[in-house]
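Input: structures, listed below.
Next, two complexes with subunit A in common: one pairs it with subunit B, the other with subunit C.
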Partner chain A sequence: MAPLEPHIKVLVAKDFLDTDHGEIDCEECHGGDPKGKDMAAAHKGMTADPTFPDADKACADCHEEEAALAKTSLHYTLATYRPMVHKRASGETKKLALLDKGMDNHCFSCHASCGQCHVSRPESAMGGLIDGHKFNAKPDQTNQCTACHGSRVGNEFTGATGQGDVHYTRHDMDCMECHPASELHGDGKTDHKNRYDVEGSPRCGDCHEPDPKVEQHAVHGDKISCYVCHSQPYANCYACHVGLDSKGLAYYKNPVEEEHLMIGLNPNQDPDRPEKWILVRRVPVVPTSFEFYGKDLLTNFNQANNWKYASPHNIQKITSQNRECNNCHGNKDLFLTEDKVKPEMQKANAPVIVPEDQIPGKQESQGEDEEKAPKKRSYF
Partner chain B sequence: MRRTTRLMLVLAMITALVPLAAGSASAERVFIRADQAAELVGAPGVRFVDCRRDDAQYAKAHVPGAVFMNVNKALRTTGAWEVPGVRRDLEELEELFGRDLGIGNNTTVLLYDDEGYDATRLFWELKYVGHDKVALIFGGWPEWTAQNLPVDNKTVGVEPRNFVGTIQPDLLATASYIVQNLGNPNVILVDCRPPAQYKGDAKAPMAKVGGRIPTAVNAFTLANWEDKTYLKDPNELGDMYADMGITKDKEVICYCNTGYYASNTFFILKALDYPNVRVYDYSWAEWSGKAFLPKIEGTAK
Partner chain C sequence: MRWKLTFLMALLAVTVGTAAVQASQCVSCHTDAEQLKTITKTLPSPVASAETAGKG
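After this line comes the complex of A and B, so read on.
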């Protein structure tokens, strides 16, 4: 996204001073010494974002519950990253330290503090005030949510790639409609298994009952995740490499990205997600992702699967999958079969790989249906 | 191929590309298969136009005999009220098509590109000045090379031809025409831009504000292509447009920021046999800058 204009980034609007937050003296949140004789003295101990790493300091006096919860939210802690990367890592202490340094420069730069959801652009998107320092109860989808969740989810949701998500394109819903504060502020847990393991995480069924008039709903029941039939192809990144450039700025290089849709087996069926068939996507990490920081840092790469549960944010009512039964049935291209996974990764991905004999077979069409079906158009 | 056979094939192709008669039930064909087009390389009365953006790529390899046009640069100019990227005057177009591209009024023009929306702009411009014999190679340059069809890098000598254009007003919409028809149930406005621009959450640099024309429905044109140059299945697209109320019994007015994406949707709808389609060439770049025109504005300023 385009950076904010420099004057906008630092502008404190006059009408901010009339708000509750505006009545608080700057130094109470930001530190520094307004009585300082020069800039150095005045700025001593000052912090641009007083809400990170300790949300309590600036916010708890008035927002005690939110500040306490926020410190456990995955936006704040990114807590699920390290265990997963360490699972693939070499066990050597020195190498782990190098890996952690890389993660601090890259993965953990994406944390979102209170201020980065309610006042400014996130740090990873170059920061800057978005509304004259006013505190907005609802984060801004363009300047905050998709500033971080931009290249994949943001683009798919808003239709920068594909047709967009009908929740956004037709029904004017933004991120917060499905991901309210009650979810994003954290659930108090500190042992999340993954990003879906958050209380209050949205489900399609929270708002939608499957239309009983649609035969496919009755036939498939809860065997198939809604995403399988209602998503469009989504981005899969294959080979992310991180490092620092000559000026010490962090870079992320991903040379291979493919848009496709892949059906896999659900390795974690439970009452919340009972479906057998889910969508999976290839996650960007490869054994050499952190090579900039050291050789052979991820020697146990194959200890975790790299095709993961996917929840594409590009929902459409009618898709290629649900237009005709045989667009999925008998269509091996849509299923994550063994031949699509590198041999060294097949064991790790075994729980999600679909054996070919399990691919649902082609549906035989009834003669009468063929007569009733409208004549197919062609360009030629 | 024997000359006689080739001439017969050319005649067959040309006939297939244009309506048999005015008001005929046969739809015009806007696509030609790459392998069929390959049969027409070197045929008299046929002109291939390479609409890729990078002339260096053209110099490296192109369809034998194809002339190059950077459509975005060559065809577009700044119009009234400093609106950028709009069509040139008829006189300029006649010269561009006739002298620079060597297209005469009877020339069959076959277009290809690699980005998926340059050739369709030239398609509309040719139709707008009354030239019917034009089609796109399905799959464009990627398909041509995928099929290993002949290419070369020879400089193409263009013999200038006399091109007489006749403006087709039914293919164009102006702001006034749209204002007159806002609320007309027989007319539907299609905003061909990305959804974020339609909603006004984002805006293109030439737009004054983010937003859209009231009553417009949104169908981002580039989402209808796979791998940029392969138009999606016509049954799927037909259902999609119909679901949105963009039906063949209506007059469809396509707009975007400067008419480029709108031309792309014009092409798509023609591929789907829509009879009445216009392009609002000045588009949102004009509309957003005029305070007296109704708008649904978003947050992008």
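After this line comes the complex of A and C, so read on.
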């Protein structure tokens, strides 16, 4: 996404001054010195985003509940990142410190604050006021949501890659239709296991009642995640490496990106996600991701899988998988079997790898049986 | 007494007036697109590392 023009980034609309927020003195939220003799003096000590790292400071006087919840929002805290990376980390204190430095420089530059969802573009998308400083209750999909979630979610959802997501392309739904404030503002929990462990995170079943008359739904029940049949191939990234260049600027190198769709086993079957079969996505971490900061920082890499539960945002009613039973049944290509995982990653991914003898067998003689039995309503 | 009251009212007017001027110092610049354009041309552009490669 091209950055905003520099002057647009700080341009305040005159009608903003007529809004409730516009009646508050600038310095009350942003600090600085309005009596300053010149620009440098006036801006001394000011903060562009007064809603981070302490949402209370600027928001709590009026939005007490939201400001308190923000501290439990994964957008705000990225709280699941550090424990997950630490799980793979060397136990040595010095190495852990080096790893944390790398994470602070790279991973934690990507948070979103109240202001970065309601007023400006996120800092990681070079910031800037998107609507003359007006506060929009509903975030803007392009300038805010996909400014960060762009290369995978945004492109897949809007159809920049693949056919797009039917919720967007056909029903004109935006991110907020499935991800309401109640999910994004934080759920009050501080011990999330992962990003799916947020109260109110969307489920297909929230809107779609599985129709038992649809043959495929009746047969597969809740054994298969909806995504397995209704997603298109999605982006998978390999071998992300981070570091600082000669000018001290953070860089991110992710040399390989491949599009595919891979069915794996659900390593965390629970009442919320009971499916045995799920889609898995290759996440970019490798044992050497942080090696700029030190050697052997992720010596316990195998403690967590790097093929992860995936929820691609490119849903279609009809996909190549669900046109014919045998597009999946007996089709080893679609399953994450051991031979598709590098030997050094196999131990880490054992919980999601599909043993070949578990791949559902080919369906034989579909045509003859269907002629005798009354045809069930097809999903297509 | 009347002089005291007049003095206090004048002081209040000056205080309110000063506050309004202070607020407008931020506002007058940040609502003026042309002025901002001129100023931002003189400021260094934010730079990102040229070594970043690939998608994430």
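To be clear about the criterion, the second predicted complex is superposed on the first by the 357 of 380 C-alpha atoms of A that agree within 3 Å, B and C clash if a C-alpha of one lies under 4 Å from a C-alpha of the other, contacts with A are read in each partner's own complex, and residues count from 1 in each chain.
Rule of thumb we're sticking to: a residue touches a chain if its C-beta (ideal position, glycine included) is under 8 Å from a C-beta of that chain, and two chains touch if they have at least 3 such contacts.
None of the values given here were measured: they were computed from a predicted structure.
In the superposition on chain A, A:213 makes contact with neither subunit B nor subunit C. Contact with subunit C, but none with subunit B, is seen for A:27 once the two complexes are overlaid on the shared chain. Once the two complexes are laid over each other on the shared chain, residue contacts for A:164 go to subunit B alone; subunit C is not touched.
By the touch criterion defined above, A:320 reaches subunit B but does not reach subunit C. Between subunit B and subunit C, C contacts the larger number of subunit A residues. Once the two complexes are overlaid on the shared chain, A:255 sits against subunit C while remaining clear of subunit B. Touch criterion met: A:11 reaches subunit C, while subunit B stays clear of it. Comparing the two interfaces of subunit A, the one with subunit B and the one with subunit C have no residue in common. Taken together, the subunit B residues at the contact with subunit A in this complex read 29-31, 33, 138, 194-196, 198-199, 201-202, 218, 220, 223, 231, 234-236, 238-240, 243, 271-273, 299-300. Residue ranges on subunit C touching subunit A, taken from their complex, read 19, 22-23, 25-27, 30-31, 33, 36-37, 39-41, 43, 45-56. Residues of subunit A touching subunit B in their complex: 141-142, 158-160, 162-164, 168-169, 172, 318, 320, 323, 376-380. Within the complex formed with subunit C, the residues of subunit A that make contact are 3, 5-7, 10-14, 17, 25-27, 32, 34-35, 39, 42, 126, 151-152, 235, 237, 240, 243-245, 247, 249-257, 284.
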